[in-house]
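Questions regarding the structure given below will be posed in turn.
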Amino acid sequence: MDATEPGLDGYGRDIYASAKGDVDEATIERLRGVSVATAWSVLNKAGILHPCMAGVTPLSGPEGFPLVGRARTLRYLPLREDLLPLLRTAGHANPQRQLFELVGSGDVVVIDAMGQTEAGTLGDILATRLKARNVAGIVTDGCVRDAPFIKRMGIPVFTKSVHPGANTSALLPFEFDGPVQCGGVTVLPGDIILGDEDGVVVIPAHLAAKVADDGLEQERLEGFLRMQVENGESLRDAYPPGPRLREAYEAWCRENPRT
Amino acid sequence: MDATEPGLDGYGRDIYASAKGDVDEATIERLRGVSVATAWSVLNKAGILHPCMAGVTPLSGPEGFPLVGRARTLRYLPLREDLLPLLRTAGHANPQRQLFELVGSGDVVVIDAMGQTEAGTLGDILATRLKARNVAGIVTDGCVRDAPFIKRMGIPVFTKSVHPGANTSALLPFEFDGPVQCGGVTVLPGDIILGDEDGVVVIPAHLAAKVADDGLEQERLEGFLRMQVENGESLRDAYPPGPRLREAYEAWCRENPRT
Amino acid sequence: MDATEPGLDGYGRDIYASAKGDVDEATIERLRGVSVATAWSVLNKAGILHPCMAGVTPLSGPEGFPLVGRARTLRYLPLREDLLPLLRTAGHANPQRQLFELVGSGDVVVIDAMGQTEAGTLGDILATRLKARNVAGIVTDGCVRDAPFIKRMGIPVFTKSVHPGANTSALLPFEFDGPVQCGGVTVLPGDIILGDEDGVVVIPAHLAAKVADDGLEQERLEGFLRMQVENGESLRDAYPPGPRLREAYEAWCRENPRT
Amino acid sequence: MDATEPGLDGYGRDIYASAKGDVDEATIERLRGVSVATAWSVLNKAGILHPCMAGVTPLSGPEGFPLVGRARTLRYLPLREDLLPLLRTAGHANPQRQLFELVGSGDVVVIDAMGQTEAGTLGDILATRLKARNVAGIVTDGCVRDAPFIKRMGIPVFTKSVHPGANTSALLPFEFDGPVQCGGVTVLPGDIILGDEDGVVVIPAHLAAKVADDGLEQERLEGFLRMQVENGESLRDAYPPGPRLREAYEAWCRENPRT
Amino acid sequence: MDATEPGLDGYGRDIYASAKGDVDEATIERLRGVSVATAWSVLNKAGILHPCMAGVTPLSGPEGFPLVGRARTLRYLPLREDLLPLLRTAGHANPQRQLFELVGSGDVVVIDAMGQTEAGTLGDILATRLKARNVAGIVTDGCVRDAPFIKRMGIPVFTKSVHPGANTSALLPFEFDGPVQCGGVTVLPGDIILGDEDGVVVIPAHLAAKVADDGLEQERLEGFLRMQVENGESLRDAYPPGPRLREAYEAWCRENPRT
Amino acid sequence: MDATEPGLDGYGRDIYASAKGDVDEATIERLRGVSVATAWSVLNKAGILHPCMAGVTPLSGPEGFPLVGRARTLRYLPLREDLLPLLRTAGHANPQRQLFELVGSGDVVVIDAMGQTEAGTLGDILATRLKARNVAGIVTDGCVRDAPFIKRMGIPVFTKSVHPGANTSALLPFEFDGPVQCGGVTVLPGDIILGDEDGVVVIPAHLAAKVADDGLEQERLEGFLRMQVENGESLRDAYPPGPRLREAYEAWCRENPRT
């Protein structure tokens, strides 16, 4: 190391530390009314151009695969066989095991598998523990194994694919609760993860309230417009709405006040 | 431009203009009885070697995803941010909006997204308008957004994938009712689009009647042969059919005349 | 040829001939209780690092897509148009046709399509014949055509994708009951093919009994541990099990003896 | 068609017509001093986020592969065998042939092959004609054939790959001098194409003067800074330059006036 | 096995046996004057639509990478660790080693690596042996290792890529002198392999004389036409040639008789 | 966080800390005599199955692209526009800038770009600074920009591709001197990076001396055997060497002692 740089700890991540956040329950609750497409639009207008994970799709979950919660992150690196003994010596200090015992209600486990699909990133017993700890869901840009079990578990799981192999056959857990990528999107711990049949978007914590506010408003307006189009209005009149429909919407809003 | 070429309008497409066609309702009706695999076989024998769109699969629709109708085309090009203001100024002259107000009963909207999957090519409100205009279906080699809505809409939709992003975040609509590619197949307006769980084939308008004729005949024969094989006939005897089964088929046809 | 190599027949495959095997019915029956993930683990411990076919997923079959049986193999090579007449002259000596009349109860037809997805490797009538001959299932790293029919046929079918095209538009059948690759895994005739929602693994014949033995034991232990985790045990205590749970498991085993 | 849309010609491209331009010779000359990386930076600051063609690299040309000129465009669609006779009947009305006789000095032929690499988009005789017409270069997101000849021809050629096949074995020329995509970037006729060992960027005509102005200034500053760094300055002092080097640069500029 | 099929040996390859051939030296010599692009055209007209290997490019060799010779084939399958001991026991019966001691002057070693790029298919010592046995070249749709050596060896080598790994880390040699695929093209032993900077085409043995005849004639005509175009003739007049140039060609041929 | 885990800092990387190492100069010097292929073999025998970076090839450097040195690592994550202002505020605390001022003689800068190729990871001025600080080379699984300059700079540079874009258009630097992946291989700071025309292998620090020892011995033996094969020995006698050549090698070693 260079003597001229005495005070540096050598980790650039500090410079982004202030972007980590903690979103309150009320905001998370309101985000349940916002679709992934609408959240994408609000984020895009706010300057986040690529909030959607590529290739990460619903594997299983309740009808519609509704997913919302706070990101808790796990970072894998490629297997290097000389490091496996260190992982085994570490026992429950294994970052994957640590994280899975720390997560709690409302957390979404986000696993950076570098898009690699040659092993599972977790299997049935670990998934069962996550369910017991009441996580909101699981997201990985890799695979899960034990799909026959996990698909029937009842919680939202989004993956790139499935693979029957154990994680350490191709991957090594390296750290948790740090910044990761997942599906080509940077995720900081505490970001909000929102998923449905359009995929998964990452909502930076400091934008969660805005996505809830603007998103709910947009859902309301678009729901109204969709009804008009179902009733025969043309795109020319309805999308974007002209003065007539804009006025009708306001009337409708007066009759159907926001809750 | 070169003074030696005074009469040219600069668009090669004219040389293919005579291949555009208009298929009558009766033929379309008969094509409902032809599977995509059988249509592929008739087209292949007619010299069309690659009529099947690559990577375009059913997203949603009625059981079996039956799709047949006339192609109405939309061509996207990649987003170029300096052109967006021109699109916005254009308003309802936006080629996508124009097309979606012009399509009608029995049309299939075919969207050339260049196979790009980083944005939706349409969302719930536009899809609702297409349904209101009674289109036969939607086909894109890109994505749709608002999948949670579109998947429950009830009309056949074939896509490469889904994405929550708005089209103009990655794509610009450029023209409609011109020749396009979709899934690596050239589509001329008026071609017949046929889809089921095997995917989507493009039937050139001038071959539609032949596909209906030969296809229905082939479906009839293969249905008969399948019954024989279900009853224990070997491939050696049944596929292709030998004299005994050929004769049995003729007898069966006499008892079960074509309708 | 070189005069110094008089006794060689020129086929290297002979050197692997002793690895071909025949697994008895009882072992196959026991393998029905082993998941693909568990079989993968036993194989991995036995030194087979990549037993899982890449990109080969369930197309259709009974709930959970249970597949187990002996591999009968078909090898395709890319179409070469000058060879088609020889195939046609061959008639029922066509290797695909030969194989499909030879397979029987408990066989899994494994088709090496070189991962190519531009044609089907079989269609409805051939699949019907395979069902009539009571095969245990069909696996291909290419496509099937006539998916609308095959998906409703009731037997387990694992593929890379679907395509409406006939096999000889892109592929030529070359031999059967020889060694092949499928999904990047070498398959010898007589190997055991095991499939479920995690995909497909190839179990070398000489390892089938071991996979049944160790796999059933592992399923039993993991089922017990999963129950403990469902009841609130932590990973620290349960996975791997500490002395308390190890003892509880032994007690449970005494009460629930292996059958 | 819908009676409510009487005045529409059905081609959305008109809405972008005003973006087509004609850049003067002096600007093109000045762009010879701007690298692709620097042009990319100026374009990026001007809001064009993706001006660089993906996968299009230098095949051959003079040392450094310098390429600058006005786009003349050719659009291919996938081969459809039923359309080939129309192309043959068209003879020299073939859009490819028309374009290649119209291009002239300073033009860059830009070929939209949809990224398809299963045939050449031109071969030795056509390339020879382009050279005889004095084009500035050739760019395609497909292949060229006759690479043994074209690589020794002496003009800049940028391609995705090479292939020995004739264009009409996989592609049909459809139009020329219309808008196309190439390497995922929209190109309008008259745009400036700039290439070097970093690849190819598309400069919208209306931004060409700005890229020349800002680009030359940036090249000048960066050349100065690179010298300082070669002489031992740290990034901290030199990139971006602090007051001392900013001042030194101004002094240097006074001694080395812009030409 | 089925008692009803007593005479079958179970290898479909026999049905194509008559397509294997042996091309005489004079024809091979004449093929040295035919480019890959021209051979492609003759083959295409003869109905072989895809004679060109995908992704197989020149790694090294003399200027222009001229390659012509008879195919001697090696087939790899994916590594299966349980089979490695059998290979080791086999020693020099290893199919790769057998083939490499059998090849001779004018042979082209064609290696089917299934397009896999995770290991070399041969390295420096084996390549040195092939050179000592005077092979015409080496073609693989996988990798070679020891590229620093092989690139300086002086014989034409065409590969998909390079990799430092030994073959048996990912591949097992299975047989030689049988039919294989390479780069997606079927190769029978005795076929002619032709390579240059356009890539590699496979010429079925029975078409070699035709490719030499028609190819040389086409090279001659195209060389003449290229000269005309270099001298300013338009495509309209020269490609295809009109009556004037057709006549000039004939005159030129009388003055420059075929040798 | 969970009160039951008081002593954990939440970074799994600690468990691998003991694997970081510092290799002495003499060992690095000896590794200059070992090829990438030979190092791969020694590592493979030592149980490191995948030491070679995928898709990372020489862009430029001295003849043969010899590269050896100690890894200094930079980790990128995908751009997130809301984090850019924090990076700009950080100024020279930017992890990339910090690292590039800390590296020194014999270091190899290893950049984890997640395999992403939509921006450069460094350009000419930064590369110039690295050269001024006397680094041994640069390795990235992304791109560099300013290739026209960097290719003429004279130091070994290994990349996946080139791109004219600035890093922060698609990437954010996150940390340095931590564990990363590059080309699918885990790299710890202090590991030895070895590159040549076969690509790049990562040598764990604790294995460097072994790779030097065994590698030099293997190079010596293989060089001898290659000479024998050049002189006409068969693979049967020479590879592996039989008793006669084994003895000749020992005689040769006595005459050509290791230096």
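To keep things simple, chains are lettered A, B, C, D, E and F as they appear, and every chain counts its residues starting from 1.
As a working rule, contacts are C-beta pairs under 8 Å (C-beta built on N, C-alpha and C of every residue); 3 or more make two chains touch, one makes a residue touch a chain.
Note that this is a predicted model, so its numbers are computed, not measured.
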Ask   = So which chains are sitting against subunit B and subunit D at once?
value = none
Remark   = Set E-F beside A-F; more C-beta pairs touch across A-F
Key: Which listed pair, A-F, B-C or E-F, duplicates the contacts of B-D in over half of its pairs   = A-F
Inquiry  = Using mean CA coordinates as chain centres, what's the gap between subunit D and subunit E in Å?
reply    = 35
Note = Among all residues of subunit E, those touching at least two other chains are 49, 101
Task = If you connect every pair of chains that touch, what shape comes out? Choose line, ring, star, complete or other.
result = other
Inquiry  = Judged by the touch rule stated earlier, which pairs of chains are there in contact?
reply    = A-B, A-C, A-F, B-C, B-D, C-E, D-E, D-F, E-F
Message = If we count contacts the way the header does, which residues on subunit B are in touch with subunit A in the complex?
response = 92, 97, 100-101, 118, 120, 123-126, 128-129, 132, 145-149, 151, 162-166, 169
Interface residues, subunit D side, partner subunit B - complex = 1-2, 4-5, 8, 10-16, 18-19, 46-50, 75, 77-83, 86-87, 89-90, 93-96, 98, 101-102, 104, 114, 116, 172-181, 184-186, 204, 206-207
Message = Quick check on the complex: what are the subunit E residues that touch subunit D?
response = 35-37, 39-41, 44, 49, 52, 54, 64, 196-199, 201, 222, 225-226, 229-230, 232, 234-236, 238-239
